[in-house]
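Labels A, B, C, D and E are assigned to the chains in the order they are written; within every chain, residues are numbered from 1.
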Amino acid sequence: DLTVPNLSYRTGPYGANGNQYADGFNDYFTLLNERDGGIGGQKILTPECETAYNTEKGVECYESTKGNNALVYNPFSTGITYQLIPKVAADGIPMVTPGYGRTSAKDGSVFQWVFNPPANYWDGASVIVKHLLDVNGGDLNGKTIALVYHNSAFGKEPIRTLEELSKKHGFTLSQIPVDPPGQEQKSQWLQIRREKPDYVILYGWGVMNQAAIQEAANIRYPMENLIGIWWAGGEVDVEPAGAAANGYKSATFNGVGMDYPFYGDLKTHVLDTGKASGGGAHVGKAMYSRGMYAALIIAEGIKKAQELAGTPEITAAQMRDGLEALEITEARMTELGLPGFGQPFQLSCQNHGGSGMGMIQQWDASAKQWKLITDFIQPDEDVLQPLIQADAQAFAAENSIQPRCN
Amino acid sequence: MEQLLYASEVLVNGLMAGVMYSLVALGFVLIFKASGVFNYAQGVLALFAALTLVGIQQGQVPFAHLINAMTGAHLSSFGWTVPSLLAILLTALVMVGLAILIETLVLKHLVGQEPIIMFMATIGLAYFLEGLGDIMWGADVKTLDVGLPQGISDTAEAWTAALTGYGFFIDRLDIWATVIAALLVAALVAFSQYTKQGRAMRAVADDHQAALSVGISLRFIWVMVWSIAGFVALVAGIMWGTKSGVQFSLSLIALKALPVLMLGGFTSIPGAIVGGLIIGVGEKLFEFYIGPMVGGATESWFAYVLALIFLVFRPQGLFGERIIERV
Amino acid sequence: MDLRHITLRFGGVTAIKDISFDIREGEIRAIIGPNGAGKSSMMNVMSGFYVPQEGEVWFRGAKRPPMRPYQVARQGLARTFQNIALFDGMSVLDNIMTGRLTMMKSSLLEQALWWGRAEAEETRHREQVEKIIDFLEIQNIRKTPVGRLPYGLKKRVELARALAAEPKLLMLDEPMAGMNVEEKEDMSRFILDVNDEFGTTIALIEHDMGVVMDLSDRVVVMDYGRKIGDGTPDEVRNNQEVIDAYLGVAHD
Amino acid sequence: MLYREAGDFKTSYRDDSQTFPLKLDRMGYWVTLAVAFGVIPFVITDYWANAVLVPFLIYAIAALGLNILVGFGGQVSLGTGGFMAVGAYATYKLTTTFPEISLLIHILLAGGITAAVGVFFGLPSLRIKGFYLAVATLAAQFFLVWLFNKVPWFYNYSASGQITAPERTFLGYVISGPATSAPAKYLVCLAFAVGLAWVARNLTRGTAGRKWMAIRDMDIAAEIIGVNPLTAKMSAFAVSSFFIGVAGALLFSIYLGAAEASETFGINKSFLVLFMVIIGGLGSIFGSFAGAAFLVVLPVFLKNVLVGAFGWPTDLAAHVELMIVGALIVFFLIVEPHGLAQLWRLTKEKLRLWPFPH
Amino acid sequence: MLDAVATAPVTPARAGEALLEVNNIEVIYNHVILVLKGVSLSVPKGSITALLGGNGAGKTTTLKAVSNLLKSERGEVTKGAITYRGENVTDLDPAALVKKGVIQVMEGRHCFEHLTVEENLLTGAYTRTDGAAAVRRDLEMVYEYFPRLKERRKSQAGYTSGGEQQMCAMGRALMSRPETILLDEPSMGLAPQLVEQIFQIVKKVNEGEGVTFLLAEQNTNVALRYAHYGYILESGRVVMDGEAAALRENPDVKEFYLGMAEEGRKSFRDVRSYRRRKRWLA
């Protein structure tokens, strides 16, 4: 058997999101175990450990699970990721952080053990700006964009990128921090009401999203001009505002809804047999889908690693090699029953981050559904790549890491 | 001129935000007045009340998750919805029941202990209720709708626009909050100053032993006060829950209420309101004028610093009872 | 100590109205008066806790500038309190040791490392304190937390704490309240011994007329903030105003 | 009558004021130390170090510090998280600016810096008392965290605002950074904890401790008998913050290896440490350790039992865990409001009397 | 125990049936400190019974055991029973006991600091149900007893002098129109005139309204002058009891509690540390 610890959080301020994500993650592996007998004949175990989104508990979870031949980690928290980056390097266990964590970990030559496919925070920012360019016929000159962000490592991530992009495209960027937890955002939204920015980008998490969307509705800010990062794109974020949230947009790096053949299998093998994590209450929700997608990436990585190692019983080091050789194609996604659900990407020793593409989804309040309104959008690598490199170099210098891959 | 108008808009909204803080602060004041206990669990009480309200309203099966996990059943909902008013009443009853439980299981055994011990006990209680609320009603974000309107008030906007040329933003929910807060405060002040029970409540806060010795039943007073505090928590929970959904973070609004309390005085009901207004206005104006210079998000600490400065001049808060120092 | 024209007001209440009297080196000076007369307030003025609105306090021939109470204590004034003000969480020994705080000189760092002056000083003062403990006959409760002691013993510990400071002027606020005769006798003896052996000047507030008349050299009588009598016990005892305001008819 | 004091006579005041007046206690103490230094380092695993012992020792230091302030000085503070952050960021700035100087010295210096900050935020305590002060110290908590979040200089302008502990060695052993071995982490923390506990003990049995306790028990009377409230309170804040600063420094540099102000040093830290102090016993050094042990070990233990042994879903387990911890806190307060230390003391008193009931 | 008891004239109060009876109780604080070692007493209806004894003898503890206030001090009655009107009240909660008509005035003037004097008095009437008018009447009565309180009625009790607080506590107890008052050291810290006055009031209330008193006192002199019967407590045991008048004549009581030597009252100046052994400890 292979062990993929699931460092989840189902309690605390972000428990509502963590719940869905963890269920998706578990269910995907349950399906593989039930339907295919695991991967390469090996069952995948996903022992859960509650972190409550708390870094210290995260470390405790990591320490308590790593002894049991843990193959790979997905801590689902930027804070915990930062804690674990040095630790996984020391212990030689890979860590996969899809859509969160440290952006510059994309540079595999420095971050040997960390992977963040298929997209990272900076990709997200760039994809959103690209979308705005599209909406505006390719021109954002003279426009103003406000960034409302969670005043933490996560929320501050896109600032550098957006500053670069504003130089490039000639829009004005105004930064509006919100301290977590962020139930009370009156001043921020009054400021927006006065300044009337053309667009507002939301890098929020937890209750901050719900409050922001409600406040935006309160000041009658046009919902379609409010665009969140993918972590501000769950049902839980929009539902409290009810009909007022109609038209709100967010980025996403995976498909939404249940219109995929995959769910048929899930129903027969997992839901109907009563093996669903958390009773199957969240199947098809945005965060559930994302947890499932994270599991998919890891599962594919395992498969690849088994191929390379020539044995189904792989080690963590072999897992890393598998991830570095991972390639997920359009065809493979179709094969998995999830056509178009995720973007095709290929990792390498150098590139631990994939293609970084994202789509834009929009909330339909009457149908209570997210609708995809764009195809995958390619982020602006010209802007991002140098930034990533600079940050990775700095990290390498600080920690005397010798870049590899050459 | 425009700056000034903006500033007054911020000011008005600050006042309103302050009222929302006060709603939470009131619960603290009541319990402090009655027992000298700083009830850390007040925020969680608000969360618990709001969760229960939503649960009752939407006909959720309590402990569904636990039962499902233990027995493999698939319970979730009774399939009915209860009208808002009835649901609020039922929730109030639940809060009374909770008060009785808290009294018999916790407070009764801690008569005469130092305030800090009681404070700790309320923290333990907060933990317990947090876990209980989650187990009972689930950890999801829930939508709370009891029919309170939300969003910009057109009348206020039109009216201010006609007057000044700039339409102010005033949230309808805030207007409601103000009205409700005013009623609550009036009722509570009357209760604590002019009724026998109110007097007994203050007596208990001063000296448990002496109160016992004149035949005041601590148990009754505590049940009563915790019930009222539970009701106030329910009101606060409704307001804040309507604003941003019912979920764990609701309990953290307690942190916004603390500076209000400090400034107004732990023992003063009107203080909770005045403190709220000052804090609301202060932090919004500070964020408006100074925030941009220092990078914003000053609201997390400004209220505390403001209250601290006030306290240095009046150690018992604006309206708090004077701290009697004699030898 | 010389108090000149002291007036003290609290909001609307005038607790002390233009009172002057002096305390001579080495005497026992009693202050008596009905409840609420302002005796304790007077003592608070002397120890610097209340600052009078008017009037001057002279100590050992010099006018006392405005001072915080702890500075007053360092001048050699020590006192006990009407509503016992012991440190409940500490043992009797520690309570008495606090009386000597003003004489402790070792620095925080020395204490942290229990090094240099810290340890020697501790032992030296401990010896002094043990003498006082022996003197007041409280050896057996040395290590008991004072919170648990009965009232009378607390009073005695309080006296010990004040004595430990080796004061020049010792002020006692109702040292015998809540004691029975036997204990009052003990207490009287302690007060007299302190006065005799160390030559300590004593200011005494007490309601037990027997004690006051027997012990004190001179008596001040206060009534609602005013001074209505001042003189030897005998003079005071026979002062009609004092009898009307305070003593009432004697029963014993 | 196994445990007794009869026959254990003291012939000097010096003997009488030692830490463990009873011989049996003294022996227990030396045995504990011997095991802690001589046995555990050889058997410790990563899990035990990282999940239990290292956090226990670090929190014990913080609890000691807070106990000095709350338990001895009577000043309730909820700024612990913020002060720990000062210790952590000070260490980070010092060790990245002067990498050639030993990290251990930096940690002590960080304690000193925290002491200064603590004194500054302690000044209001001269006017403000009780719960007002407690809430007022939250100003320090929130302001400091905001500051470390907002001013890039503190985190050396890193993109995410995180600070990461660089690798540092002591006597050739790596003591900080990802490559640190479990025994090294443990020993560094143990040495600090034991040393600081000794200092705390010295301070609290001497003049400084008496001043603090006098202020705690009755501040007015203390002032009247000659305690200068300014120096007494400020020294309590300084010493307490020093301890807490060191704890923060260790938490960051030895234990976690990376930190972010609002995440790692949030208000929950302040509450957690206060719990430890109260559950352990106000005004007790042993209590600080007991409280820290209780609150570090209990959740880990519960989790292992509920999830590991009973196989409950983690979310249920987490919720039940919250309920159990909450209920236990209340339960302990009811059984013995003066904490685990008092419980221990009472047990000893009973043992002394044993087999007689009174 | 002493023949003085047997020969003393029986006062009317003594003849009344026992209202309150304490039977061989033992009290332990904090699970370890044994304070009362089998105390028994009986308080007849309509009497004034004094509980005398030195510091730490256990007077306060006895009173608290009766009024059930021990629990909040971590003390408990581990043996024996307390009956009131023949009913066992050992485990009643204090409020219920007040409803039965037993109220305690605590030692050390526990007033509600932040309430005004008048509010303090009104809390005394908390358990009463006979209407606001009656309460007002009694308030006036209390003010009549203690005119000083009337002057200070609007000030917070925390700012009144020691004596004023004692009056306030007494007045508060009277406000509940009790049947029995447990009075703990009412004379402590009061001016002689006031002590006399308070005891006068005790007497008046006792005779006029038939209220029963159990009072703990250090001031043996006054106590025995007003009380009908007395118990002397030492180290948690009753060492002597008897009619007040008889106790006053007992040579030991005279010496140790009244401060009289054979030749009359001694001056405090002349007492020396010589101590005669108490006969009952022999």
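One rule holds in what follows: a contact is a pair of C-beta atoms (placed from the backbone, for glycine too) under 8 Å apart; a residue touches a chain by one contact, two chains touch by 3 or more.
For clarity, every value in this text was computed on a predicted model and none was experimentally measured.
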What chains, if any, are shared contacts of chain B and chain C? D, E
Reference chain D; chain at largest CA-centroid distance: E
What is the distance in Å between the mean C-alpha positions of chain A and chain E? 75
Could you give the separation in Å between the centres of chain D and chain E, each centre being the mean of its C-alpha atoms? 48
Could you work out how far the Cα centre of chain A sits from that of chain C, in whole Å? 73
Interchain centroid distance [CA atoms averaged], chain B/chain E, Å: 45
Would you give the residues of chain C that are in contact with at least 2 other chains, written as numbers and ranges? 49, 81-83, 85
Chain D residues touching 2+ other chains are 146, 149, 220-221, 224, 313, 315, 318-319, 322
By the touch rule stated above, which residues of chain A touch at least two different other chains? 10-11, 15, 19, 151, 179
State the interface residues of chain C toward chain E in the complex, per the touch definition above. 10, 13, 33-37, 40, 82-83, 148-153, 174, 177-186, 188-189, 192, 207-211, 214-215, 246-249, 251-252
If you look only at chain E, which of its residues touch chain C in the complex? 29, 33, 52-57, 107-108, 148, 155, 159-164, 166-167, 185, 188-196, 218-222, 225, 256-259, 265, 267-269, 271-273
Interfacial residue positions of chain C with respect to chain D in the complex: 47-49, 68-70, 72-74, 78-79, 81, 85-90, 94, 97-99, 101-102, 104, 106, 108, 111-114, 118-119, 121-123, 126-127, 130, 161-162, 165
Contact footprint of chain D on chain B as seen in their complex: 32, 38, 65-66, 69, 105-106, 109-110, 113-117, 119-121, 123-132, 134-135, 139, 255, 258-259, 261-262, 266, 294-295, 297-298, 300-301, 304-305, 307-308, 311-312, 315-317, 323, 325-327
With touch defined as at the start, can you tell me which chain D residues reach chain C in the complex? 12-14, 17, 199, 202-203, 206-208, 210-211, 213-214, 216-218, 220-229, 235, 239, 283
